[in-house]
Every structure is written in structure tokens, then in C-alpha cells.
Amino acid sequence: MPTPLGAPLRADFPFFQAHPRTAYLDTGATSQRPETVIAAEADFVRHDYAAVHRGSSMSTGEATSVFETARERVASFIGAGEREIVWTQGATDALNMIALGIGDASVGLGGDRFALRAGDEIVVTEAEHHANLIPWQRLAARTGAVLKWARVDERGLWTIEGIREQVTGRTRLIAFAHVSNVTGQIAPVADVVAIARSVGALTVLDACQSVPHMPIDVAALGVDFAAFSAHKMLGPNGIGVLYGRAELLDELPPARTGGSMIKVVTMEEATFLPAPNRFEAGTQPVSQVVGFSAAIDYLERLGMDQVAAHEHEIGQALVEAVVRIPGVRLVGPAEGEPRGALVSVTVDGVHAHDVGQFLDDRGITVRTGHHCAQPLHRALGTPSSTRASAGVYSTRDDVAAFGAALAEVRAFFGADR
Amino acid sequence: MPTPLGAPLRADFPFFQAHPRTAYLDTGATSQRPETVIAAEADFVRHDYAAVHRGSSMSTGEATSVFETARERVASFIGAGEREIVWTQGATDALNMIALGIGDASVGLGGDRFALRAGDEIVVTEAEHHANLIPWQRLAARTGAVLKWARVDERGLWTIEGIREQVTGRTRLIAFAHVSNVTGQIAPVADVVAIARSVGALTVLDACQSVPHMPIDVAALGVDFAAFSAHKMLGPNGIGVLYGRAELLDELPPARTGGSMIKVVTMEEATFLPAPNRFEAGTQPVSQVVGFSAAIDYLERLGMDQVAAHEHEIGQALVEAVVRIPGVRLVGPAEGEPRGALVSVTVDGVHAHDVGQFLDDRGITVRTGHHCAQPLHRALGTPSSTRASAGVYSTRDDVAAFGAALAEVRAFFGADR
Amino acid sequence: MSGELEQMYQELILDHARTPEGKGDPSVHPFTHHELNPSCGDEITVGITVTNGAIAGLAWEGDGCSISMSSASIMSGLVDGITREEALALIGEFREMMRSRGSVEPSEALGDAAAFQNTAKYVMRVKCAMLAWVALEADLKASA
Amino acid sequence: MSGELEQMYQELILDHARTPEGKGDPSVHPFTHHELNPSCGDEITVGITVTNGAIAGLAWEGDGCSISMSSASIMSGLVDGITREEALALIGEFREMMRSRGSVEPSEALGDAAAFQNTAKYVMRVKCAMLAWVALEADLKASA
């Protein structure tokens, strides 16, 4: 029998025990964690803690095997090979690692196949999170490459035609989010990959808002790189994943260098291990990896198909809850169209911060601001919006409370006068 | 009354409850954590978890103030200003952040004062940890700068004269460890800073093995940058500190870009916040910061003077325990000379890994290998050594167990035949 | 509706937000400063004229939440005609109140700005309330 | 002294470490491969000659711990004269035993290499024991 999601899961989450009346609709920013995740991490530190990958002692050995077992878990969770999973500080760190690595390749520090030349092109969308935009701006500035982008319409949506118009024979890389953290738009990954392949460009998938919420098979998607963070998928802070196809990762120069990622070091130069270790310089966040592994266990017990089904339902309910409120404007796909489990709105005459404060007072946690997507908001014609985003523990009651409170906002601030 | 260190502290550490007979002499790699640190982190996640620095909700506000309060704590712990403390993944990440930032400055991405030109010089020592060596090698390769180094003698020691010989009018930066993680040598920081200042070079202090073990005042030391990791000072993994003088940090280009570190972002370009936030791209490891803050509390309750006194005693005891064992060679400063609370040795006729295995079997956790210092070991004429390193919870019993077991190693492996 | 929210969004504040005072073209004044709250995008430009050491004219324009806009409006009324030193002192008092998490009682001098005492309890909103004041402070420093 | 350590460092292993077999100049053979364990710096070069599909000659040189050196020594004796296929199968069996954390019983064919069954319990030492075998495997593949 499928596990029923939503309310029955709350008992697993200390946050909901401590805050039983909170409607937590901010999972898109960061998720709450089940006790199994918190305890796995704490217990590991209490009993089995030792540095990983250095030295020969038994306890170090145990820690190392925990670390590598977790890597296998994450790999199989997203359909990757074990060597294709690099631990990073988070998605931002992972995306930077790709961009900085290509930058290094471009100045002759290894990985020639990645080298960009002046006039080469990088294509993104106008909807990207800053983490999937600024690293490419900087890479372009470093190399003389040109950054181009598919524009969004007044609802914040880009199209595959918009991408196709930007791509030329000089395009070397296309970076885009699988699911937008503001509009909830789901990217046509296969189409983007096909366009990229037709010109020999690499693809980078910002999977922050997809891997936590739906079954993902990176090999089937066909992207070259992907990035996501554990803290958005019931796991700890400070740990994320860079996925890359093995043959690419083995050649990409490591931007961060130091201990545990080297083969031979002389004062003059250093040679690096193959992937994934070449990207894992310094002492690794091993307890966070343990927590992350417990989070994957939790999600796999639920079943990602169940998770996707539940969140689809909540996502549509969120849209229904807002579309008929006067003075509230929906961002992103229209009612009934596919979207991630989140909804962003603007409220006529009320600033998003005031909306957020009002909802907060009602025990509804949402996120307000530009959600690290200033260019998108500029295109939407507003500096900020209010976003409600769901997770496995979200319920129709949360949605109802959100809708009811949102309906009162304009009256409270006198915007309906 | 001063807190007595060593054995009485063990009750605070779950690791020692779980492993009462283990002589843990690997704090130089990573320390064990008191229950207060583990619980602070777990409880924060259970009850108060929310993303930091984004949005306006109450719970986010609480998390943000926890985060900034921890920053103040760490700042005052090392005599820095609050704005001079940047959270990083760890010391390796911090050192890379400096080197990558200078690299960006050198290609015109901001912070012109840091720009290196071909022929400019970077000076390090032959004893550096790979984390304080490879980033400078890569920076030199990126910019055409020249990497130079002070050599070590057959005991692994470098001298201030060795530094002086390398420094010229073209020297732009000197990077060195405060305390060597292999030899235990304590650097003459004031002298290096004086030399650097005389030629207008920046100083970068790898403080991984000093901040956890002695009172440090970065302003008094006069270095421009410093780096250290929480996991070596009773705190969590995945969190460390980049210290930099405020006026420098405000100008150094941020190598890692993304959310929460920006002022204004357009599709064409981005402007960045002042320090420290400009270096803190993406969701920050807030629960680790909470744990780190608890670790600082713990150390401050002990008193860093007490810590230094205790560890001085253990350090000297470690030397005494090994110097008279036949066939065991001491690395680093001679008996009676100042050193950090660690000792590295080589054992004639027995490979370090075998030494480590033998000690491990006796319940003594040490570290064997090159300790991320291959060039140093090459200079010592051995690929690897065995290191015992102490912390606040280390005792004379640990030292005695280590000495007794070490004395039997050669007989066990038949190296004395 | 909890009382807390109504204490924060007092009618006084909402009224000022809806019909702000002092709005105008700051660039007609010799000293102008632009201030941005990067976390929410709120921005303000405050322009002043200083004559004989006193604020002889002020105009601001901006875009933001009701807290930042009403704070600019209330500030405009308070500082009109007072000396540089008085204005700087007032900014100091306002900042102290805002940083106190609501524990510092507002002085008489703060007048209607006392209404922001409750905002001070909300860490994330302190910057909103401070925005105009920080801009004015920069103008005053530039005018010295 | 616990029995575990003595099971790992059996006399057989320590003897081979002290007086290794098969040591010599690998470069006299047509196929050579260098293997390094970066975590400890142990290294080995194994050279072989293959005649009529069988290992007709082998020599290795290296520097490392007693596990890696004795493993190279024992391996040299086992593979002398056997066919490429037999050698690859043997390497496969050895790897399987080493990866099993000691749970897979060694087959007859592994001969004295069975002594490393206890080493398999120590994750960090598995690479030491495998070093020479991995180098030989690379040689065999190159010789195909």
C-alpha cells in the first residue's frame, strides 16, 4: 500500500511537533528534516566520528565506508554512476565548480575540451536563480565568451523556441533550471538537450527544485552536469551534489584544490585524482553526508512517484487557492498546467514584505522577495513576489490557510479602498 | 579556579563514553565534539530551523540573528571585527577563496589592488599543507606569477632567513602555516609580517593548527588573511572561517557567486555586497554555525590560556615519550623546544601504515601518511610518517599508551632483527 | 488577528504608507543619497538642502514596503528645519530603538517615529524602517 | 596483543615483506604498469612478458607497507607461467575476497594469497593489498 503523504508524516518531523500550528510553505527555500536525519547525523558524530579518507586506522575506515555508501545511495537515487557524484557545499558551490573549472580550462590549466574562446557562447534563461546566472556571467567575463539568454514573457515563462533562437554554432554550454524556483515552470529538458547536442554544447541542469520532488534519472535526461542541495530535500545544510558524466568529470579542472584530491604534489605542481575525489579538496562534511543518506532513505521509503503525485496535487491546490482572489496575480503557468509544487503571486497595492508579515502573523511561513531571481522579477514588472512552496509533509489544510489569509491581505493594508 | 583539562573533560564528549579505552591522538586531523555542540546543532534543527537571510518571516529572523551572533562570537574569539569573519566550508575553502579572488582580480574582475602580473612573486614554505600550497601554484599558473619557497632542513624546519632569501620587491604575497600539522613548528609570525610589510606584500596565515590550541589575536599578529576550520576545534564539519582585514575583504572579488551575496543583478552583470556577505553565496550552513558557536563557548569556558598550557604540557610529553625509543626518529623541533601539541615520527624498517595499524590495534588512534604535505615528506626522505596530536581532552595516559605501543612496533614487525 | 500585527501596522503607519509626506524630486537638492535593501529590493533616494547648519529642504522618492515608505514619510516631517546635529542625534536614537528589539522606549524627540518600536521586534524588518534614515545620515555627512 | 593483528600480519605476510619474491627490474619486460596509492604514497611497477598467451616472466619494484609488498611478492609466485585468462580470473577472485570485508572464503587457487582474507576487514588497507594486482591487471589488458 502506498504511504499516504502530508499530515501522517508530521509525526516524523520535530519541527511540526514544536510548531504544530505552523503552515510551513517554504520548502522551496529549505525543507524541514525528519528526526531520522537529525539523529543519524548526531549519532554518527557521537559514536563513529573520524576523519574520512586519511590514514589507516579502523575508525577512519568505518567513516570512509559510510561516506562511500552514501555516495552510492545518492548515485542510484538519480540514476548516476557512483563516480559521477561529487560532494559539494550545496548547489551554488556545485554550479560554481563547473564554471570555475571551465574558466581554468580556458587558461590552459587542464581539460582542454572545456576551454572557451572569445566569442564562444553560453546560453541561459532569464528565469535563472542567481546561482545559475552569475557564475556564467563571470565565466564569460573571464574568457571573452558571450552570455545569451532566452527571454521570459509577462508571466515569467520561457520557451524552447526562445532557447533555439539563441543557440548557434558557437554555443558551448546551455545552463537552465529543471523547475523554476519562482514560476514553477518545468523545463522541456529533452528538447534543450537535443538542441545542445545538435551544436555540440554541454548542458548544465540546475536540479534544486526537481530532485527533491520527482523521480529523476540523469542518464535518461541526458544532461552533462546537474546540481542540487540536500537541505531542500529533507537533508542537512552544507552538503550538495555536483553530478557530471564520468568522462567529463575526470577532465574538468578542479577549482578548489588542497588535501585528499591529489596524486602527486611537488613544490612546482600537483596532479589530481580522477573524479569524484579530484573535486573534494579538504576535510569533507562527513556527518552531513550521513544525514543526507538518511534523507534519501526517507524519500525512497515514501517512493518518489508518491512524492511527485502528492506534490502535484498540492501544487494544483495552491494555484486554485490563489487564482480567484481579487487583486492577486499568479506568476508562472496558468491554472491546470503542469508546474512544480509552488506558487508565486503579487498582490496589487501591497508590497511582498508586508504580505509575508501578514501571513507570518497567521502562522503561515512563505517566502517574499526576489527569490534570488532579480532579472526574472524585472521582467515581471515587480521587485518582489510572495511564494508558497510545498514538500512531502504539506497538506491541503496548509493550502487552505494560505488561501484564506491571502484573501484578507488587501483589506488589512487598505489596498482595496 | 581554572578548569582542569584532560581526563575530567571526557564526560562531556560522547565519543569517549562510547570508546572509553581509546587513546584518541588525532585531533590535528579532526577533533571530537562535546555533547553541547552536537545538541546545539540538533536542537536548532529540531526547533528553530529556517533559512537565513532571505525573506521576512519571524522564524527566518530568528535564524538570521543566531547566525550573526555566532559571527560576533568567532570575531571576538580571534580579535577580529565582525565584518572580517567570512563563513566558509572549511580552511581549504577559505584559502582557495583568497587565491581564486586574486586570480579574478588579475583578469580585471574587480579588486585591482590584488591583481598579479607575470613575474610577481608568491612565497610559501616547503612545509605547507597542500591546502596552502596548491591554490598558490594554480594562482601562479593563472597569472604568470612565480611561486617561491623557503626550504626545510632534514627535520622539516624552515627559518625566517629562508623566507627573507626568497622575498624581493616583486613579492606580492606570503602564505604560511602558523603551526605545522606535521612538524609542530611554530612560525615567527611577527617576523614574517615585518618582512612582508617591508615590500608591501600581503600575508596569509594558515591558522588551522593554532586557533584551536592557543589564544589568537589576528589584529595583534598583523596578518592580512587567516583561515581555519571548526572541525579541528570541537566544532562541526563543513564550516570554517576566512578572516581578512575589512578593507581588503570589501575589495577582494568573490570567487563563488550566487544568491544572498549580491546587490543588483541584471542579465549582463552583478554587483556584490560588502564583506562578509559578498563571499557567502548560496544557502549557508546555519546549523553548523550554531554548533561552531557552541564549540567556541566551550573553549572560552575552559579559557584559551588553560588550553595552551595543557597542550604545551602534552606536546612536551609526547616528545619525551618518543625520543628515547630505538629506531624511532623525531620530526620537527627537538626535545624541549616550543612546538604545537603534536609529534610526528618515522620508524626505521616499518612503514607508517603498519605502525598505524599496530597502534590502532592497541586502541591508539593516530594518523599515518603524508598528512597532505608531500613536499615536506620528500624533504624528510620518507613518503610518510606517524603523527600523534592532542586536544583539550588528551591525557598523559594517552601519551604513555602511545609511547609504550610505539616501543614495541619494531619488534612486532621484526625490524629489530 | 493577533494584536501584534496591528501594533506593528498601526493606522499611523499605514496612513503614512498610503499618503506619504515629503515625496518629491530629491535631485533638486544639493545632497542626495540612494540606499538599497538588497534582500528585498526596497530603495530610496533622499535629497536635502542644508542652510546655516539646518535642514532647509528635503525630498525623497522610493519604492518599497509600507514600513520603509511610512518611515521615510514620518522622518521627513520630523527633521524639517532642525540642525544637522539634532538630525544626527535623532537618527542615532532611532537606530538605537530599532536595534533594541523593542526594549528601548522611544524618546519624546522621536515623535510619530515611536510607532516603529514594534517593528523592532522583527529582525528582518529593521532594515526596512532604517532605510530612509540611513540615506539621510549619508546626506548629512556629505554636507558637513 | 589481540589475535586480530596477528591474523592480519601472519608470519607468512611478514616474511614475504622482509624477503620479497619477484623483485627485479620491470623495464626488461615489454608490458609495464605503475600504480600509486595516493593516500599513503605506496607505489609499485609490475612488468611482464607474455608468450603464447601465458605469463612467461614477471618482475616488480616498489616501495610501501608490509601488506602491499608482501602481496606483490605472493602474487609473483602465483601467476608465474599461468595463462592470461587464468591470471585475470585469479585477480578477479582476489578482488572479490578483498572487497568482501573478509566474508568471502578464498578459493584454492588463491594459495598463499588467502592470507590477506583478514586484511579485507580493514577498509583502508584493501588498496594496499590490491596494488600489485591492479598493476598486473593493467599489464595483462595492455598485452591483449
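Should a chain be cited, it is by its letter among A, B, C and D, assigned in written order, with residues numbered from 1 in that chain.
The rule we apply is simple: a residue touches a chain if its C-beta (ideal position, glycine included) is under 8 Å from a C-beta of that chain, and two chains touch if they have at least 3 such contacts.
Predicted model, so just to flag it, every value in this text is computed and none were measured.
Give me the set of chains touching chain B intersected with the set touching chain D.
A
With centres defined as the mean C-alpha position, give me the chain A-chain B separation in Å.
Centre-to-centre distance between chain A and chain B: 31 Å.
With centres defined as the mean C-alpha position, give me the chain A-chain D separation in Å.
Taking the average C-alpha coordinate of chain A and of chain D, the gap between them is 44 Å.
What's the distance between the Cα centroids of chain A and chain C, rounded to whole Å?
The mean C-alpha positions of chain A and chain C differ by 38 Å.
On chain D, where are the residues touching two or more other chains?
39-40, 122, 125
If you look at chain B, which of its residues touch at least two other chains?
54-58, 262, 264, 353, 357, 368-369, 374, in rising order.
What are the touching chain pairs in this one?
Result for touching pairs of chains: A-B, A-C, A-D, B-C, B-D.
Going by the contact rule at the top, pick out the chain A residues touching chain C in the complex.
Residue positions touching the partner: 350-354, 357-358, 361, 368-370, 374, 377, 383-384, 412-414.
Please output the residues of chain D touching chain B within their complex, sorted ascending.
1-2, 4-5, 8-9, 14, 17-18, 39-42, 63-67, 122, 125, 128
Quick check: in the complex, which residue numbers of chain B touch chain A?
Listed in rising order, the residues of chain B that touch chain A are 14-15, 18, 26, 29-30, 32-33, 35, 38-39, 41-42, 45-47, 49-51, 54-59, 89-93, 95-96, 100, 104, 107-109, 126, 129-131, 133-135, 137-138, 141-142, 147, 149, 229, 231, 236-239, 255-260, 262, 264-270, 281-288, 353, 356-357, 359-360, 365-369, 371-372, 374-375, 378.
In their shared complex, at which residues does chain B touch chain C?
53-58, 60-62, 64-65, 262-264, 273
Along chain D, where are the residues that touch chain A in the complex?
Going by the criterion above, the answer is residues 36, 38-40, 122-125.
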